[in-house]
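Both of the next two complexes hold chain A, though its partner changes from chain B to chain C.
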Partner chain A sequence: MSSCGNPAAEEQALMPRRLKFGNSKDCVRCRLKPGNIVIRHAVYCKECFTPIVDMKFRKVLEPSVNARVGTSKRPKLKASGNLCLGFSGGLGSSILLDIVHNTYFSGRTPLDDSGKPRGGTNHPRNASVWPSCIVCYVEACGAFAGMQDRTEDIRSVVERYPSFDFVPLRIEDAFDGSWWTKVSGLKSTPQVWLELSKEGLLTDDLHVASQVTGLTPVEAMRSYLSSLPTQTAISSALQNLARVLILHTAHSRGSSHLLFGTSLTSLSISLLSSISQGGGYTIREELQEEWAPVAASGSKPSNVLRVIRPLRDVTAKECAVYAWWNNISVIGRDKQRRAIIGIVALTKNFVVGLEKDYPSTVSTIARTCEKLEPKDAPSGQCRLCKRPMQSAIQEWKGRISIRSYSDDKLAADLAHIPSPCRGNLDTSIPSQVPPILALTDFLCYSCHTTLTSRSSRGVKQPAPGVSSATPLPIWVADRGLYEDGLMGDGARRKIPEEEMLDTVAEFLIDNQDCEE
Partner chain B sequence: MAPTSCSLCRDAKAILKRPKTGQQICKNCFFFVFETEVHHTITESELFKPGDRVAIGASGGKDSTVLAYVMKTLNERYNYGLDLFLLSIDEGITGYRDDSLETVKRNQQQYDMPLKILSYDELYGWTMDAIVEQIGKKNNCTFCGVFRRQALDRGAASLKVDHIVTGHNADDIAETVLMNIMRGDIARLGRCTSICTQGEDTIKRSKPFKYAYEKEIVMYAYFKKLDYFSTECIYSPDAYRGHARTFLKDLEAARPSAIIDIIHSGEAFEVKEEIKAAQKAQQTCKRCGYMSSNDLCKACTLLEGLERGMASSVITDRARKNMDAMGPAPDNIRTIPLFRSTPTIAVELPSQS
Partner chain C sequence: MAGTMMIKIVFSGGLELLFGNERNQSVLIPPFVPSDNSTHSSLSSSSESSTPSSYNDTPSTGETKAADLEYLIYHLRDHLLKERPELFMENGTIRPGILVLINNTDWELEGEGSYQLCNNDEIVFISTLHGG
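The block that comes next holds the complex of A and B.
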């Protein structure tokens, strides 16, 4: 196999492998000690490495701490609210906890001769950047049978940092009215249910169904996950549920900043995976986000929550070495959830594979995406993922693929349908069908695709007795689905032939018919 | 088990599952939706106007063969009023291009379209065989890609056409989006999802198959029994594109809509204004008059490198500076003729047999 790992490439055609590091084996920073680690072809010693990671962390975070950018070159850091840290137990978030604690909460204020903070405890220099810090963890064991609850393990990690308050969440809280009442302050929000097809999957039109009661939050969540058409959709939905749970929790606790421990490698994975799932419009939010729940009409706009990924310049390799040299124990993320094979997992394998031989590619992905912005102004906030939503998504989808002959736009083209297919064609004007409530127009491209895009493989037949509808996360109706006028439109060499056949065979239903 | 009926006409028996939508449909409905979607892409982007002279970039491969067939069909069906031509580039790769050009010549007869073949040898004085002999296989795709783009424009100018259409399909575009992100090519990322591009002096180029899946193009060619040639080049070791392609195929296997989802992503974002402002302005090449972002266009730079025996060292901007530091180009090297929009080169018309 060639140096780039592509078995099809010939050795002569490829770039020669670069040296792992430059001419000197001494640390490029202090130039005194022999290096202990190579980071993107540069050598660093152990003593210089930790301050470099800390510096990269602060360089990303600190320009966004103050609510307003002043004229001072080194402004005093003072956030307008509390701090919230998203914690998964993984490598990045474990380091995040440690660095945030050591940098902002370890009480390293200069002391006077009497051992008290110099200038008194009320001196502005001695005030914390954030008054308090909570650590949110979302336990996802309810999503899969037989998965271990790790909340207590996570609690024991967080308790090592006495300044942090632990806020455990469960993934099924997304379907729990009492949790929603607690974070939103709204007394009751109706849960939205969607119709399911015969196969037990969500329908293409995402029609709203009448409510079915009697499901516990765990049952509701499992029903939602089982109605999703692909493994990609399940992993993407779980990510979204956890993200929105943390956003609402952070907001309800008066946080001005929410930090995630996303490393450069993880960021590149999430950017590429988001683009591959149609999330190009929200590429900016994937990097850094200013979020607030959409206020109900007439009410005061909410405070803005800044979502920052301060480890976004630190690669996974640097994180691993940082954790090792600073004795930070890492519990790791749950294995069962990681095992879901979908676009996220494929992208992860691809990027991690690239990182080994081409470390700069990982950084290039993030740097390139930083230079992008959405083309048009948003038309609102997606009801499911709570990110900005592009307009005319369904028009775009309808334009690029014909899924039904009843589409009005096809009227002029139907004259060209071959005659054998005209038999059952109903080209008459559709009768007035009462409008049906549909969610389609209130979802971003990515969420709509998550709910409706199917695998090329056949779907499993649902178990008998499965419900004809599934609930959606409780926040979908936060602004009042029925009062907000969300009404849908209501309409429901010479190539051998064998080689060509091989290419398309998986899509042919009955090969005998191909010979017609 | 009872045969499934077509989910579009609900009459005929479904014989295929559309890769793009997952719907089970019959053969006639497949032809209709495939052609009508291309028609919608053309009309909604207002690619042509009646009387336009349009060259179809023809390699003899599946994409361009199906494109020629569909363009001819749609032109007749919807009265576009286009004059269609076939335009082929002969890169000079023995045993590969000469065979595929035979397919193009058959297509010329089958579709009754004038054909123009322009060779690298005729334009640059170098064939790809000669280039590979000098530089080896490494980076040879850079030479071929740069030379082909300019050759197509020059061939189109010789046919006095307003527009070149190429067979780039949805898979190609999705792959290019991914590749440009991975290699940080902001300029190309900004324009790779545009259906139509036009430089200052160049002819319009567009991709009517922008939303057509590669698998559906193969399926169309298969059911229509179209005559095409495999165009996997014998010198194509583009490892980087190979990575992106393999990744895209994996994504497509996980969720077929991934291809169209990537294109949607590419259309939804754009390069920030401040980044665009810092990019080099477009000018014309001082030697051949073709559009360029430097004093010399990429084709002239590569050709000078070949002529001076330093071809493998002119791929990057830094290497180009090193070559400049060795003094000006000698007067006796071959150069590309000055680009004019209406040169006269003979065109081969289909025989009336």
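The block that comes next holds the complex of A and C.
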């Protein structure tokens, strides 16, 4: 109970606690049985609950299954490619596997008298929605010392579903040329390295460094993670690595759909934390996206992969009860992985606490974000996170923030700040390195900020044996880096459209002249 | 001892990691417990595989109340929890993100912490914090 009156005037001015359900404890659906679970103020019995979750799942997924929206109200579901499921061993993805298997792969085709599928195995009715299904798991134990490898535990879960093929990945594959060759078909891709500052962190301008060789994928990944300035950046980088690894794997296996087991609660957490890390431009992609690797200039665009979160209307509480009542075992995550701190963990605490007292508010977060969309068309795909990139980010960033204190007066004003806390304030003269060697223009606002924005609570202590450069994930160099002038002699760079127009402006014929 | 209640406890969704990785446990609770949920006059508990042993005593001084779920939560924290109590309890109740089922029914339908325990009740604690 909380006070809602003037305690000096009224002694018992307590606000009555709102009931978590209506007047009746009976199921609101069948109205016959006593309820077993309260979902956003509505009471359901155990028998009615499971079909409701299944229905919510199908309602989100099925409109996106067919490549084209037909005129039929109940179109026959037929996907244009295979299915890929992202599996973490957590609650949502465990349910995802179970529902997908039971709904689309359990072989419940009607049988004739002889026990064969009615109409023959080639009858359209007996064809599965997806020809095959793979389950991708990304093992992240390489990122933290002492973390247990759980690939075999996960394999044993996936093997319970005979229709699914297990595809184990490792987080360090993001730095492994042989994995990249397998998924992209490219023979050799140079790895991009970035210069580090004296503290072992990435510099604000993200200068490309000359290649240093001799690191294993695990060492390369640890070097990359240790060069990140904050815990939030590390947690966000790991999430991005896992996501892009799965995206490329799904695409290389001919998948038309990639499903994640993100519940409504997890979705609200990721939406809020993404926005607070500068990812507002890609808010639609956080909900649902159509993804394809950017093709090199002149080549044919490849098939589009639809990334869908079919549990996005199902709360974490519903997931937990569904798993319990349907005997779905949840492995959970390693303790060290769960102990990751940063903006994501803070947002999670906030949203989970909110859901307990105000369960409807969590869905409001997702519903509100569904209505948002960016004003401008994207200018390309971010090299690091592979999501759409806003145009003219650096110009805008330059306008909204002070990024260097080269002025003598400002530098003098900062003298009172202790030097460890001054690390993120650049008081030096701006670097004279030509911009054509910087990666900055190829990253989205969120990735650039994550890589370079240092903690306001002081600079991270440099790790012993800090090197002068750190490798980036192998896909950063996936297409024409020479075309973009990022690598090589630096003289061949992509010319911005405006600059190109300026160059040829005097040769252009005005539209009005044509009409005359 | 006559009058004690045996309560079956199940931890799921990763919560068992806080309780020595024992998913199924059982505890003996007296019918009346201290109103302030003090559990120093402790009862013993055991895992599902063995028989629960008897408790030591019932509260001899101070106000008492009928044993309820709120008391059981304090009891679990003080006697079964192996590590990090802040991941199990917060502000005198279960931490947000942990779902409680009393005999397969949401504890919100049963009055949450004020639910009066009965002999052979099954209380399930499921963590929902393991994400997607």
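The rule is short, and it goes like this: the second predicted complex is superposed on the first by the 429 of 516 C-alpha atoms of A that agree within 3 Å, B and C clash if a C-alpha of one lies under 4 Å from a C-alpha of the other, contacts with A are read in each partner's own complex, and residues count from 1 in each chain.
Criterion: a contact is a pair of C-beta atoms (placed from the backbone, for glycine too) under 8 Å apart; a residue touches a chain by one contact, two chains touch by 3 or more.
All of these numbers come straight from a predicted model, not from anything done at the bench.
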| item | value |
| --- | --- |
| Partner chain in contact with A:368 - chain B first, chain C second, else both or neither | first |
| Per-residue touch tally on chain A - higher for chain B or for chain C | B |
| Which superposed partner A:260 touches (first chain B, second chain C, both, neither) | second |
| Touching partner for A:320 - first (chain B), second (chain C), both, neither | second |
| Touched partner set for A:399, first chain B, second chain C, both or neither | first |
| Which of chain B and chain C A:508 touches, first, second, both or neither | first |
| Partner chain(s) touched by A:275 [first = chain B, second = chain C, both, neither] | first |
| Chain A residues within the chain C interface of the complex | 20-21, 25, 34-38, 43, 46, 88, 90-93, 96, 260-263, 265-266, 311, 316-317, 319-321, 323-325, 330, 332-333, 335, 338, 348, 352-353, 355-356 |
| Interface residues, chain A side, partner chain B - complex | 2, 4, 6, 8-10, 12-15, 230-233, 271-272, 274-281, 283, 341-343, 346-347, 350, 354, 361, 364-365, 367-369, 371-375, 390, 396, 399-405, 409-410, 413, 416-418, 420-425, 445-446, 449, 453-456, 493-495, 497, 500-501, 503-504, 507-510, 513-514, 516 |
| For the chain B and chain A complex, residues of the former touching the latter | 3-4, 6, 8-24, 26-29, 31-33, 35-37, 39-41, 44, 62, 77, 99, 103, 136-138, 140, 177-178, 180-186, 189, 211, 215, 218-219, 221-223, 227-230, 237, 239-240, 242-243, 246-247, 250-251, 253-258, 260-262, 264-272, 275 |
| Chain C - residues contacting chain A, complex | 12-14, 17, 96-97, 99, 101, 104-106, 108-109, 124, 126-132 |
